[in-house]
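Below are structures written as structure tokens.
In the two complexes that follow, chain A is the common piece, with chain B as its partner first and chain C second.
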Partner chain A sequence: MSQSHNRGLVEDFGRWREFSAGMWAWVFHKFTGWVLIGYLFTHIAVLSSALSGGAAYTNTLQGLEQLAVVRVLEVGLLAVAVFHILNGIRLLFVDLGVGLDLDTQEKSFYASLILTGIIVVASVPVFLEGL
Partner chain B sequence: MAERYSSFSSGSTRWFLQRISAAFLVVTLAFHFLLLHFYHHAPEITFGGSAARYSVPAYFVTMVLFLAAATFHGTNGVYNALVNQGVTGTPKRVAKWVLIVAGILVFVQGIRIALTLMGASA
Partner chain C sequence: MSTQTPDTDETDPQAERMARKEERAAERDEASSKPDVGDDAITLKVFRYDPEVADKQEPRFDTFHVPREPGITVLDALIYARDTYDSSLTFRHSCRQAVCGSDALFINGSQRLGCQTQVADLNDSDTVRVEPLPHREVVKDLVVDMDHFYDQMDAVEPYFSPTEEPDGEQLQSRENREKIKMSTRCIWCGACMSSCNVAAGDNQYLGPAAINKAYRFYFDEREDDERQEERLQIIEQEHGVWRCQTQFSCTTVCPKDIPLTEHIQELKREAVKSNLKFW
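== the complex of A and B ==
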């Protein structure tokens, strides 16, 4: 049986200094979700070069990969994707009733953040290779 | 007792599909990143290489399902976020239909790309 208490609107971002770990998790999950859906549309637009032929596709992708800013943005995309995946797994467990108590929820959020940081930092050399 | 907070109304079909697509995307998004950034490196991606991958039926089907799940999960997520922000009435209906049309367009375009890549290797 769940219990609720009034902690104010999480949607009121002006209160960010009062946010608890769970509210930050909610904000980060929304933010990374917006970035990922935005990227899906961009990704499909770029891959549409395949419709103009093989050379257009290869030249477009390899041309973009030669730009340092694209490589850095890809590292950012990895960070966003990894956090969304790890926090998403956490949310699925919470929805299944596993790790429901606030202490576990907070610890698993911090674990998601730390694991995201480790994976992203370890992946930087791969993403910047050949620049 | 722990407080349960969810952005969604538990029990609805969209709520359930959001979770099913999430579970599927956890696996396919990780696979997509690992395959195209760590196994193959992004700067080395070519039309020929992509066409070869899409000629494998299991890969083609996986990518189509990946696109379908990502499109639904993303557009439904945006819709839920807007509703959470308090969007109601006409703006809510407009947002719903804009997201449905945008989702269909991106899915159809993705299928066109996948079919082009699959057909190129034949």
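== the complex of A and C ==
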């Protein structure tokens, strides 16, 4: 073979429109997992304001909770965490060899998505209360 | 077409015959370049690349119009396009019945066998877009380099090889045959490997087809325990089963409906069981 054409790796995520359910589940799971790790750092940063005393901690938290962005981000965080947990349970079943046929694995992914949606919508009033 | 230069003398009967002949040839050419494909013709868009032809060194898509016949497959359409419009259109095929595994292609965004895919069954049956298998280097048009795929298949020693030669006939129980039945169906088409995101990122990953092959022999009761242990070593190596991220892409595209993810997951559990022994 004299020469061949390498189309490169870029084509992969360029084809997101053609992803199947299992592929989306994987993308979302990685994404939500890393967002949770990212949140862990902000979480520690906020909590460590307590090192400067109880008042500083209360002020920081109250200040943050007054911001609409923070409230919205909290809803986002809940969405991310709930999806990660539900799909994580789905993946544990996959690892145990339960529900590995295409139909079940697709439906269980859609179920995690729908359940996440319901829980998030139901939580909105709580998160936005008193803004 | 004739290579002779026709005589310019009008009255020469030989020249007249030649002129008529050329006319007929031209008519035939015309007819074949614009065949009557009907109003509901299929628009076939085909990836073209040929390092040896100047205007095909940059990959491009060519469009062909193919008459819509009942039951026409994508392979039929490609054959029609090649025989009618462009004899240089290159693709592999042989059995035309999903047995040889040579025509796995990327059709309308998914890995499929050209011969097994009827145009009418596609999500878009008007425009059929055919590309060579992703994640393989393209040699020419729809032909990809399969060497790496075959290397991965060979890496799992895909043949029956008990440690000691059996004395006589070795019978397999019905249950065991059932257990490995689906895994024996692989036709080495490479669709699964091409669909796998992990395989795309890790060239050493054995890939779904090879792991499925390993499954087929690992669970074959006619091989002895020692051989099974050796097989497990290959299966659970760094670039073996643990690379699988259960994206289910391979299972989705396999034309022989092999439950690939299920087989990979089962081998992961076998690997865990053999390493974690508390009893």
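Odds and ends about this structure:
Following the convention adopted for this analysis, the second predicted complex is superposed on the first by the 120 of 131 C-alpha atoms of A that agree within 3 Å, B and C clash if a C-alpha of one lies under 4 Å from a C-alpha of the other, contacts with A are read in each partner's own complex, and residues count from 1 in each chain.
Here is the rule we use: a contact is a pair of C-beta atoms (placed from the backbone, for glycine too) under 8 Å apart; a residue touches a chain by one contact, two chains touch by 3 or more.
What you see is a predicted model; the values in this text were computed from it and never measured.
With both structures placed on the common chain, the touch criterion links A:101 to chain B and to chain C. In the superposed model, A:20 lies in contact with chain C only, and not with chain B.
Which of chain B and chain C touches more residues of chain A is settled by the count: it is B. Using the contact criterion defined above for the overlaid structures, shared-chain residue A:129 touches chain B, although it does not reach chain C. Contacts of A:65 after superposition on the shared chain: chain B is touched, whereas chain C is not.
Of the residues of chain A, those at positions 1-5, 11, 22, 26, 91, 94-95, 100-102, 105 touch chain B in one of the two structures and chain C in the other. Interface of chain C with chain A (complex): residues 49, 51-52, 59, 109-110, 134, 137-139, 145, 197, 200-201, 245-249, 251-252, 259, 261-262, 265-266, 268-269. By the touch criterion stated above, chain B contacts chain A in their complex at residues 1-7, 19, 22-23, 25-26, 29-30, 33, 37-38, 41-43, 45-48, 50-51, 70-71, 74-75, 77-78, 81, 84-86, 102, 106, 109-110, 112-113, 116-117, 120. Of all residues in chain A, those touching chain C in their complex are 1-7, 9, 11-12, 15, 17-18, 20-23, 25-26, 91, 94-95, 97, 100-102, 105-106. Touching chain B in their complex are the following residues of chain A: 1-5, 10-11, 22, 26, 30, 33-34, 36-37, 40-41, 44, 47-48, 50-51, 53-55, 57-58, 61-62, 65-66, 74, 78, 81, 85, 88-89, 91-92, 94-95, 100-102, 105, 123, 126-127, 129-130.
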